[in-house]
Amino acid sequence: MNVSFILILLLFGTFATYLAGDKFAKTVALFFSLASVAGSIFILNQHNAGIDESFMINWISNPNIYIALKVDGLSLAMLLLTTVLTSLILFSSFGNNYNNSKSFYALVLFMSFAMVGTFLSADAFLYYIFWELALIPIYFIALIWGNGDADERKRAIVKFFIYTLAGSLFMLVAFIYLFQKAGSLLIGDLYAIRLTENEQFWIFAAFFLAYAIKIPIFPFHTWQANTYQMSPSVGTMLLSGIMLKMGLYSVIRWQLPIAPLAAKTYMDIFILLSVIGVVYGSIVALKQRNLKKLLAYSSLAHVGLIAAGAYSLSFDGLRGAVLQMIAHGFVVVGLFFAAEIIERRFQTQEISEMGGIRIQDNKFASMFMIVMLASVALPSTFNFIGEFTLLYSLYNVNIWFAVIAGTTIILGAVYMLKMFQHVMLGEQTDKVFKGITIQESVVFVIIIAVLLFFGLYPKPINDLITPALQDIVTKINKL
Amino acid sequence: MNTLIAISGLGILSLLAEIFNGRKAIVPITIIGLLAILGYNISPYNHLGTFYNNMMFVDKFSVAFTSLFIVVTIFLIALSHEFYKEQATKISDYVAIKVFLLAGAVAMVSFGNLSMFFLGIEVLSISLYVLAASNRLNLRSNEAGMKYFLMGSFASGIILFGICLLYGATGSFDLMNMYQITHSVNYPQWYYIGIIFLVIGMLFKIATVPFHFWAPDVYEGSPALTTATMSTLAKIVAMAALYKISILLIPTQTYSFQMIIVCVAIASMIVGNIMALRQNNVKRMFAFSGISHAGFMLMVLLILNNSAGVLLYYATAYAVAGIAFFAVVLYVTKGKDNETIDLFNGFGKTHPLLAAVLTASLLSMAGIPILSGFFAKFFLLNQVLLSGWTVLVIVAIISSIISVGYYFKIILAMYTKDSEKDLPNNIPFIYQVVAILALVINIGLGLYPSIVYNLLG
Amino acid sequence: MEKNLALVLLLAPLCGFLFNVFLGKKAGKGIVGIVGTLSILVSFVASMYFFSLIQSTGKPFQVDLFKWITLEKFNVNFSFLLDQLSVLWLMFVTGIGTLIHMYSISYMHDDENMHKFFAYLNLFVFFMITLVMGGNLLILFIGWEGVGLCSYLLIGFWYKNQDYNDAAKKAFIMNRVGDLGLLIGLFILGYLFNTLDYATLKTAILSNSDILSNPLVGIAALCLFIGATGKSAQIPLYTWLPDAMAGPTPVSALIHAATMVTAGIFMVTRMHFVFDLAPYVQDVIAVIGAATAILAASIGLVQNDIKKVLAYSTVSQLGLMFLALGFGAYEVAVFHVITHAFFKACLFLGSGSVIHGLHGEQDMRNMGGLRKAMPITFWTMMISTLAISGIFPLSGFWSKDEILMTAFHGNIVLWVVGSIASIMTAFYMFRLMYLTFFGEFRGTEEQKHHLHESPSLITIPLIILAILAAIGGLISLPGNSWLNHYLAPLLSKGEHAAHHLGTTEYVLMAVATVGALLGIGLAYSKYIKNGEVPPQDSEIKGIAKTLYNKYYVDEAYETLFVNPIYRLSHFFRNYFEVFFSEVVFAFGKIANAIAIQGKSIQNGNIGLYLFAFVLGVSSILIYLFLV
Amino acid sequence: MSLLTIFYILSAITIATAFLTIISKNPIHSAIYLVISFFSIAGHYLLFNAQFLALVHIIVYAGAIMVLFLFTIMLMNLNKEDEPHKKLATKLAAAVSFGLVCFVMLAVFIKAMPIIDTYKQTGQDFQSIKVLGKVLLNEYMVPFEFASVLLLVAMIGAVLLSKKEKSIQ
Amino acid sequence: MQNILQQIGIENYIYLSVILFCIGIFGVLYRRNAIIMFMSIEIMLNAVNLLFVAFSTFHQDAQGQVFVFFSMAVAAAEVAVGLAILVSIFRNLSSIDIDNLKNLKG
């Protein structure tokens, strides 16, 4: 068994879910997604035992394209993140009833399939295919099962789709160009080619466009808030929890090692943009009236920091980025799930229409608060480790980057606490908040457990990703 | 060579079937016949080489494209039976015309002599004029036929003029002779003028800017199945023929010639895609989309390696997507006065399967991976970039982005709007079969692109 | 064995927390209180053990658990350090913690969320222990933020009231401002020395003489100090502390008087080797300390809320401690921390007892004459008040005196400022006492009817703390200081270790005592002799009004920082976001506009089509053959 | 009268009548002019000694095609000058493009024209009926047959476009 | 027999043919009467035919003339189909003015 098995499993699961019919779709989907978790863990064990589970066959002989799936610490970490989060997200949606749920869950699994593929691909062409494939299901999920005014939603979702697609097409051009230089699109061959500075600049710029939109980095973020708001929660979680990480992962895996010279030359600009995103996202989040939009802007701030760390090109920056990617994945899923729980009961996303929930359901309030605190990077949560490492790496570039990006610590607390205060605290309103179900709390418990465990003992993940990142750092510094 | 004869014979056979009251059997017989011809065409019995004093010149290129044309025609004829249900008395005519059209198409890619080429293009064009105007009680169809006819014969005149100049320069219509002359002896400059006229005529046939104006009007006015024929079969035939001409008859591509191609390609991609944005009629939208695809295919002329493979793949991908698209459109627009996008409202809920097929084919044309349209664009842009036309690639990318806008208009209509009227849910079996088959081919081509791509390598 | 005990010391409060969170509601209020208190008591006992251990061996004891954060150049471990300083701190944290837990059993008995209260308190103690015990700056940072969180939770304990929530939020956010400074300081130290462990850091700094010339060290020290100003409520980040009085009184006693707010002093003392390298930062600390002392004391003069007075008093006292730190007199600051913990905890608990007795009344204008109804409360508070005012021989006298002496030797201006602050302290503390316990009762009849002494669970801690407040000074008597001796191995700088008791010192003591008596006298003449009662809010005029409104600092912050940021947020949301969004849409709109224009060209006129055709042919021919 | 003179006269007639065909308001007149033009072209053919072609040309064009035109004109009763007044812009555009295209093409050819002093003269017969027949039915047999397909398509098409729909029974 | 082009010159035929061709183009552009437009197209085709014959003589080669036959066949076929379309338009519209055919646009 090698890693392609997980992809096959998920693809098969997609069809099985669709065929299972509306009634059993979610169960089947969850089953397959759990199976993929099991598979990933198996692969993890194999990897730790020193067995390489990579997979490679020739797909198209001319042009020379392979189906190459690479298992190293980095991709494995992302694989685990994707499969675990997908399971969580699927499980979290059990409280909802979607019409035509067989299509819905099939799309979710398909998206998981595509994202796993993106993380595993070691051939740029394959990678690009998965990258684009991931866009299709989320488009439909957001479009069909989304909420809000239909016309506005359409506008937002189409913008999201075209915008992200536009960015990635330029990446495709860059890959084509690289293909002509290297004669193959295998990642190893791409790493090996030596490009002139000018070439690197354009390649880097093309990649940047794709990733900056996906991540998103200021000022390419305008699709984000509306899309998050309009999508159904499952879609929002998939988008913010995993899909954004595709962009960040790609920066580390593809952009930096392929064009290290450009990355170094223009490092300050990219870090600056990312850091501006951090501050800007935080400030805009202060005055949001819509809960999901607020969370979206907070996400903008957080991923800005991750991107800044990645662009710092240091080992610490990359490591921090990966750690924070995982941490942010869990946290943001938790936060959006909290928003979803409230929405299930109050049928609103407007913060002004909430309040007084803690009185009615203390358990939920506590869990929400823990996740929220993790999101503001309270020490002993996983996010702190990521944020600390990232800020430290930024400090090593320039103290002012660290200071400016560090304001997220303050501003994050401001908007999060403000939100929490108005959403959860205060006198009981006339709205009845039904206590959260066991199923809902299970999701939270898992998230909190992950966040706290790795917050105190991040060694397993660290050991997993370190060799792979070392490899990449060597590639970046090859010149 | 025998393929052409067989196809012509099949056309006559379908005419005869009407006489012998075998109306119901026409479509099946024709399809079986075409399948047999297809089998023969790709079998080793179909010898490569030149035939009848170089009138026919059969090589891998022509065999591959002939097969593609036959496949597309099979689909189109399969759709005919249902489409012409109301005018059953005329079905043999329609089928025969389509088969003859195929014969013309085959002549256009396997000609060894410009006379065959000219006759081929005329058979093709005249068939299309007839088909465009075939709904003779409908003024829109009349108008389409008239416009197509006027402009088409105008273009034919130009093509003829070009051929004449080629003849004047070389004294021969034979490709081999001309090839030898242009590669060895001095010859008058008329030759180039002739080539340009010929190319312009073909640019008209594939509908590139600024010779594209007919396409939207004609596509819109023609009966839907004719639109399907024009946009899928006719376009790729003309493109293949143009490719063959430019490979065999142009001794060296001068920079200025390449510039012309570049400009036309860019203009087509941009104009086609931008104009399609505001279209409300799916056929018209498809026409503009076709214009942009023509611009894409035109870039093949600038490619140095394996350009035939790229063209074949692109043409196949485009045709298959078009067939699937039209199979659905035929069903949706059946019995309607027009073909506005509103007709698709709520289609995703009422007909999930067909909606999925339509979505997939639109995605394919937009160039979304795993569907063949993506690979087509990838192969094409890869080669274009290799040939050094970076600007062209950038424009192609930008126009691809624009194209997503209108392809998704249909998808949006299908999935986000509610249908006002109930469509009859008795989807004709044959439409479903064609749509799904086309989609399967589409995906298959995406999974195993080398099958087609390396066929001519 | 020691390692396990250290873990017990650390984890006992955590266990208490977990128990109270998960089982507290079911277990009932009695069990909750007992478990909460016992878990702290266990820690206290363990601390005692370590205290005796270190006392005897003099060697610090380090526990390394596992690798926590991995960085390229160095790792940060989960390690704990038990040395003189941390054990000392642990002692009074857990000790006073135990007393306050005990007190809370009675005080919070009527609250429906008592189990949560105890859970939070336990959690606080856990984080405080983490802060103190941490073997490196990052572990300290866990505790540092953790106590901030608990403070947030406890200030906003009555979360139905949004004003309290605002106060809690404010506390958390202001602390975070400081935390950012601390983090940056950490980064600089990590960057310079590739470690965050105290021990390694110290050796690295002391062994590296080049480091003196590196300006980064000074910046690091400044950043650390910014962190301290947040936690220890110094200018400019002090405004949260008075607001923090929104929380239940035991919380104010434990967190906002005795323990958490001294974390800044702890940290500065811990990192003294860094501060010693940056004299100008020390000057800044001293000035800020003195300024805070006088500013807070002056505000405290006119406050009417009994807890607010104490809160400003705390800020003022903390300012004095920083004054000492600024002169490098760490052990003096520590001494004052300890004595202050005793008498301030006692005062807060006493005020809590008063408030308890008056069913929530906090305004001193509605009190008076409680001396008879609540004798134990009165006497314990009286002792503490005398202590804080610096009356011989109570603990406050010794510690404050040492600070002022240090200041006198360092900078005469700061000494004057500190002395004035002390006089003010004496004045407002006695103002508090007089208004609360003397004169006639000014509350409602119903309150008067219910006046009673608090139950023993409340009074016992009061008594213990009062005793400690009285005799606490013994640990560091001038000339023969046990404390200085105890801390000597850690601070390792001889100059402050022994004060020579000369004439100057005696004169200074006398001046301080006279000052304190002056303050007391003023208060006496104003509130007892003249029987004045502070005017109602609307009638406050002149300087008093400025003071009463805390120099309008909150308003200034609001105008300078909060509002601009919100306006910016508004601006970004309404303009920037729209702009960027529209830029993206603009591409689509341009394309659409072109398409609409294009549609009018495609007008159905075949003549036009042919015309375009011919033009196309002509231009191609011209380009190819005529140009 | 030299051949050149004849050529010029014939050319003048050809061009003039072609022009008149286009600008005549009455379709019948146009048709008549066109016939004259065709005849003059046949004259050119005769000048080349291509008798057979000239004959065929007259039969096909003047005989068949023009008769078809005339029939249609009669059928539609178009022998009136009922064409509405065209817009100036249309006229101008037509004139401009005519001038442009004429100028361009002539310029192109003048530029491209090689100087030919002696023309090829093999002396062999290449345009008698016999030779043409041989070429047509030997070398060009396939196109010849294929042309029949073309005509068949045109025939079916014409029928299809004019046939009245019968009921399915 | 002498080559006739020796006296007249191939260029003259080319010019004549080009002018004729352009007149055809002009006619298509200038007129709105469909029948006249057809006629213009016939003029264009005839211009080419003439050139074919001229080139045929130029090369002393029969193929050019043979091609004229095909060209005639095409012309005939086109006219037949074109007129059929025209007739059906006329039936619907009672007019053959091309300017009336503007329903398809945009």
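When the chains are written out, they are named A, B, C, D and E in that same order, and each has its own residue count from 1.
Keep this in mind: contacts are C-beta pairs under 8 Å (C-beta built on N, C-alpha and C of every residue); 3 or more make two chains touch, one makes a residue touch a chain.
Remember, predicted model here, so these are calculated numbers, not experimental data.
*Asks:* In terms of touching chains, how many steps apart are chain A and chain D, taking the shortest path?
*Replies:* 2
*Asks:* Applying the document's contact definition, name the chain pair with more C-beta pairs in contact, B-E or B-C.
*Replies:* When B-C is set beside B-E, the one with more contacts is B-E.
*Asks:* Centroid from C-alpha atoms only, then distance chain C to chain E, rounded to Å. What do you get?
*Replies:* 98
*Asks:* From the C-alpha centre of chain C to that of chain D, how far is it in Å?
*Replies:* Whole-Å distance between the two chain centres: 103.
*Asks:* Please tell me the distance, in whole Å, between the geometric centres of chain B and chain D computed from their C-alpha atoms.
*Replies:* It comes to 30 Å between the two C-alpha centres.
*Asks:* Where the centres are mean C-alpha positions, what is the separation of chain A from chain C, in Å?
*Replies:* 37
*Asks:* For chain B, which residues are shared contacts with two or more other chains?
*Replies:* Residue numbers touching two or more other chains: 115, 119, 122, 126, 129-130, 133, 136, 145-147, 150, 154, 190, 192-193, 216-217, 405.
*Asks:* Counting only residues that touch at least 2 other chains, which ones in chain C make the list?
*Replies:* In chain C, residues 588, 599, 602, 604, 606-607, 610-611, 614-615, 617, 621, 625 touch at least two other chains, as defined above.
*Asks:* Check each residue of chain D and list the ones that touch at least two other chains.
*Replies:* Only 90, 93-94, 97, 101, 105, 108-109, 111-113, 139-140, 143, 147, 150, 153-154, 157-158, 161-162 qualify.
*Asks:* Strictly by the criterion at the top, what is the full list of touching chain pairs?
*Replies:* In this structure, the chains touch in these pairs: A-B, A-C, B-C, B-D, B-E, C-D, C-E, D-E.
*Asks:* Contact residues on chain C for chain A in the complex?
*Replies:* 21, 66-72, 78, 138, 141-142, 144-146, 149, 152, 156, 159-160, 162, 165-166, 169, 172-173, 176-177, 179-180, 183-184, 187-188, 190-191, 565-566, 568-570, 572-573, 576-577, 580-581, 583-585, 588
*Asks:* Which chain A residues qualify as touching chain C in the complex?
*Replies:* Checking each residue of chain A against chain C gives 159, 162-163, 219, 221-223, 225, 280, 283-288, 314-316, 319, 356, 358-359, 366, 373, 378-380, 385, 388-389, 391-392, 395-396, 399, 402-403, 406-407, 409-411, 413-414, 417-418, 421, 425-428, 456-459, 462, 466.
*Asks:* Which residues, counting only chain E, touch chain D once they are in their complex?
*Replies:* Going by the criterion above, the answer is residues 1-12, 14-16, 18-27, 29-33, 35-36, 38-40, 42-43, 46, 49-50, 53-54, 56-63, 65-66, 68-70, 72-81, 83-88, 90, 96-97, 99.
*Asks:* Any idea which chain D residues touch chain E in the complex?
*Replies:* Touch residues, chain D against chain E: 2-4, 7, 11, 14-15, 18-19, 21-23, 27, 30-31, 34, 37-38, 41, 44-45, 47-50, 53, 56-57, 60-61, 64-65, 68-69, 72-73, 75-76, 78, 83-84, 86, 90-91, 93-95, 97-98, 101-102, 105-106, 109, 113, 116, 118-124, 126-127, 131-132, 135-136, 139-140, 143, 147, 150-151, 153-155, 157-158, 161-162.
*Asks:* What residues on chain D touch chain C, complex-wise?
*Replies:* Residue positions touching the partner: 90, 93-94, 97, 100-101, 104-105, 107-108, 111-112.
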